[in-house]
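We call the chains A, B, C and D, going by the order they appear; numbering starts again at 1 in every chain.
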Amino acid sequence: MNKRTTSQNNGLNLKRVFKVWLMQHAQACIYSIGQIFKSPVNSLLTTAVVGISLALPSGFYLLLDNCQRVAAGWDNSTQISLFLKLNIDEERALSLADEIRLFEGIASVDYISRDVALEEYRQKSGFGDAISALQENPLPSILLIHPRIRSLSSQDSEKLMQQLRALPEVDTAQFDRQWIQRLFAIIDIVQHVVIILSILLAIAVLLIVGNTIRLAIYNRRTEIEVNKLFGATEAFIQRPFLYSGLFHGIGGGLIAWCLLSLSLLMLKAPVLRLAELYSSDFSLHGLSYTGLLLLIATGASLGLVGSWVSVQRHIKAIEPN
Amino acid sequence: MIRFTDVSMQYGDGNEALRKINLYIEQGAMVYVTGRSGAGKSSLLRLIALIERHKRGQIIVNGQNLERVTGRRIPLFRRNIGFMFQDHRLLYDRTVFDNIALPLVIAGHRYQEIRKRVHAALDKVSLLNKEKVSPIALSGGEQQRVGIARAVVHRPALILADEPTGNLDPALSWDIMKLFEQFNQVGVTVLIASHDLDMIKKMNKSIITLREGKLLTHIGLTINE
Amino acid sequence: MNKRTTSQNNGLNLKRVFKVWLMQHAQACIYSIGQIFKSPVNSLLTTAVVGISLALPSGFYLLLDNCQRVAAGWDNSTQISLFLKLNIDEERALSLADEIRLFEGIASVDYISRDVALEEYRQKSGFGDAISALQENPLPSILLIHPRIRSLSSQDSEKLMQQLRALPEVDTAQFDRQWIQRLFAIIDIVQHVVIILSILLAIAVLLIVGNTIRLAIYNRRTEIEVNKLFGATEAFIQRPFLYSGLFHGIGGGLIAWCLLSLSLLMLKAPVLRLAELYSSDFSLHGLSYTGLLLLIATGASLGLVGSWVSVQRHIKAIEPN
Amino acid sequence: MIRFTDVSMQYGDGNEALRKINLYIEQGAMVYVTGRSGAGKSSLLRLIALIERHKRGQIIVNGQNLERVTGRRIPLFRRNIGFMFQDHRLLYDRTVFDNIALPLVIAGHRYQEIRKRVHAALDKVSLLNKEKVSPIALSGGEQQRVGIARAVVHRPALILADEPTGNLDPALSWDIMKLFEQFNQVGVTVLIASHDLDMIKKMNKSIITLREGKLLTHIGLTINE
């Protein structure tokens, strides 16, 4: 016995060890694929559960992503209204606009003359008759300034506002700060919700895969015992379970992707209707290919981690008797 | 090959299964372990295969002190043992072939080699025609023979067989015993637990007798405490 | 044998049969509780997964509910602005308001005099100086009409508008229809999302419970076989599994409730901040006790249905051999 | 009690386990079924317990034509049979007591009754002291005895025992056979599959011998085809 063992050990050069290792990996992989196809319905069920659990956080990510796109649009539409003094004429106003264009953090400056302002106001307010009855235009001319918000911090914008207010031609400067605050408060809530849900669902995926593997381990208790009795290493025994966790995860990722695509399809119509109402050309952004890869990778790693934890906890506990 | 020095063994619930066992089995010997139901035959074999661990005393198997064989060393140690269980322990979701191939797969042999050896083992227990069925489709005795084939297929240096013929008729039992004898003749150490006293006598080999966990006779000698 | 069977059958009067039935139910119930406490961690894991899957649709229900509350607030705040002709004096305006209060579908009517309107406008528009410079008040007096929206269909409101426009004192009448349409489009999307998610998650709960029970059934294959061999009826064998599905469902309901309460707690702060920004006294509405009961009932029935399906599919398949 | 008329039986894979069996066993008889490994002993018992169904011929057990016992009638039919398996089939997650109590629990007896009867059965197989342990903590022979206790605890009208003494030493085997004889003496029909020819001869009961699925001798008479 002793002689055999040692001579065998000496005979095992590194190349052979690696070959055996590779072969056993292939065996475990094929074996767990076989197990999956042996009970396709049940494997599909588990994978579907994983898929649903993965689809949800990704769906929320998409939702948040789309919200931020919308918000970005709004960001650009935030503007500073510079009400000029009533005694500033058009020429002065236009040259002031040119000056302001050279300020830092300014995307564009539009001039609205007193007449245009009155006309717009008449249309929007609905006081048609009343305004027509006025002898004098009560409105000032306005410069609409679009800051380059993305590059503008809260401090910077404060500085800009002071700069603008200091101009001698300016009566008042208004910055629609409140709207931005509201927007950020809403996004804040959405982010809170998404984070909570993502954590919950990542836990759910781990639990589901872990639980499935756990029960699979218990189902194959005799197999594990017999394997251990004939000298199988821990790695050898764990391999098929890890592979099946991995496959469940990957399958779950794919199913999640299908679910997301389907949901997007179903949401397309109502979102389009909404966008029309806002006369916006906004359309839902789907998952990119990187997103698909990421989804599968996430599924795979959650599946692997879930089965790994389960395997660590439960295979050790099974000792032959 | 196997040496027990004052070995005692308890199961978790305080059940003392073996008490102060001293015995020595030479390399290449073929020895029977007998005793009544619950005497400790299976426990003795389990200690040697490291399925259970002893509490007191010292066991040396093949020059290795079993107390030192722990963790990662256990698998390698077990690969040199062929174990045949009292309750068969076959895997019902695999074919007979796959069941018997298990020790070879674990050791990482290649398919051609596995096929050759498994067929040889199946032939020895006269089950070549059952190669592709699941063990669930076999009679009790046939399952027992599959268990025997699995225990010998990887040509271990030590074979431990627990009641290998409990479900076999006398003629078949005799064939199986002759099979073990063949292995023994090429140098394999064989240890068989059995209660079939008639056959044991006919085989004319060394006998160890247990009673309530104590050694009663050792290789023909009565032990006096 | 025959004699025994028949005499036994005759001896079983209805009362005894019922007693045995009750006793066996109690046994199955206690047994499955025992099974749960035998591996508390694993039971908790399964229950947690069910809980998460239940928490999500309920969370969305809550979200939708809160959205609708907010929307209801907006509904009430939608109003018709009735701009009176400039020559209508205060007395006439007030008596007109009284007249309108008697119309159908009107909740309240507020009078805003020309002076008040100008003052408000001055403050809101920021054209302080410009307006102060005016010699004449250009604004008409306004009647703000709050319709009882809940009872007002789209047709009714159209009729009301025509009625109001026909009044001789009225210059123009404005109804903020666009805003409502936008709101409903948004709610439509949210509802789509919630429905998709709820379906997905109800399926997930069914799958999870079904899968758990399936694997439990396979783990107890020998037990089922032996029971069948000793003459156990299908009902007898199924009972413990159905109970354990039920308990997982109920436990899941409870966990879902805890998760929801926790999430609400975490969302409280940002929502409050948002509400402050809108100077609204809106606060998150949590789950009522009926909601809790409903949650548990849903969990229980999903658990029962999931295990029932699983039991039907898998216990039949296990025959002794 | 049991009458087979031209019964043949095939397993799903086309394996013909029994061929044209004709036999008759009286109510209250005690009969041994012997034959080599794979001869069809277990298959014969399984047919009677409705674990397998026959394809051709007719089986009458206790006046009931087994072809008509289907669906919901199977459980009630089985409650009058005590079955002892070749591979024990004990539930390792329950105590010995709970294992033996199983047939009584299924029949819906009350606890006091169950306790009384289980203790009586444990006493008969000399395992009273193991009542509270799991069967996993028992030796092979002890497990076999638990299986026997479970087969008799509900006082069935018919006991089918498949190799009840395969893991028992000769003395204990003899005791168990005597136990079956006691049951037989109070009117229970007993059918035992066994390959222990020596003991069967000593028991001096009727013998049915099978060979490759065919009836070779029936209650002492050699069958000529």
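As a convention for this text, a residue touches a chain if its C-beta (ideal position, glycine included) is under 8 Å from a C-beta of that chain, and two chains touch if they have at least 3 such contacts.
The shown structure was predicted, so the numbers you read here are calculated from the model rather than taken from an experiment.
> By label order, what chains touch chain B and chain D together?
Neighbours common to chain B and chain D are absent.
> Return the chain whose centre of C-alpha atoms lies at maximal distance from the corresponding centre of chain A.
Between chain A and every other chain, the largest centroid distance is to D.
> Distance from the CA centroid of chain B to that of chain C, rounded to the nearest Å?
It comes to 65 Å between the two C-alpha centres.
> Averaging only over C-alpha atoms, locate the centres of chain C and chain D and give their separation in whole Å.
Computed value for the inter-centroid distance: 60 Å.
> How many angstrom lie between the centres of chain A and chain C, each centre taken as the mean Cα position?
25
> For chain C, give me the residues that contact two or more of the other chains.
321, in rising order.
> Have a look at which chains touch which and call the overall pattern line, ring, star, complete or other.
ring
> What's the complete list of touching chain pairs for this entry?
Pairwise, the chains that meet the contact rule are A-B, A-C, B-D, C-D.
> Applying the document's contact rule, which stretches of chain B touch chain D when the two form their complex?
11, 13, 15, 34-39, 41-43, 86-88, 133, 137-142, 144-145, 162-163, 166-172, 195, 197-198
> How about chain C: which of its residues touch chain D in the complex?
So the residues of chain C in touch with chain D come to 1-2, 4-5, 20, 23-24, 27, 222-223, 225-233, 236, 319-321.
> Please give the residue numbers of chain D that touch chain C in the complex, ascending.
Listed in rising order, the residues of chain D that touch chain C are 1, 27, 46, 49, 51-52, 62-64, 72, 74-81, 83, 89, 91, 93, 102-103, 105-108, 110, 150, 154, 157-158.
> Name, in rising order, each residue of chain A that touches chain C in their complex.
42, 45-46, 48-49, 52-53, 55-56, 59, 63, 81, 83, 85-86, 126-131, 133-136, 138-140, 171-172, 174, 178, 181-182, 185-186, 188-189, 192-193, 196-197, 200-201, 203-204, 207-208, 210-212, 214-216, 218-219, 259, 263, 266-267, 270-271, 273-274, 277-278
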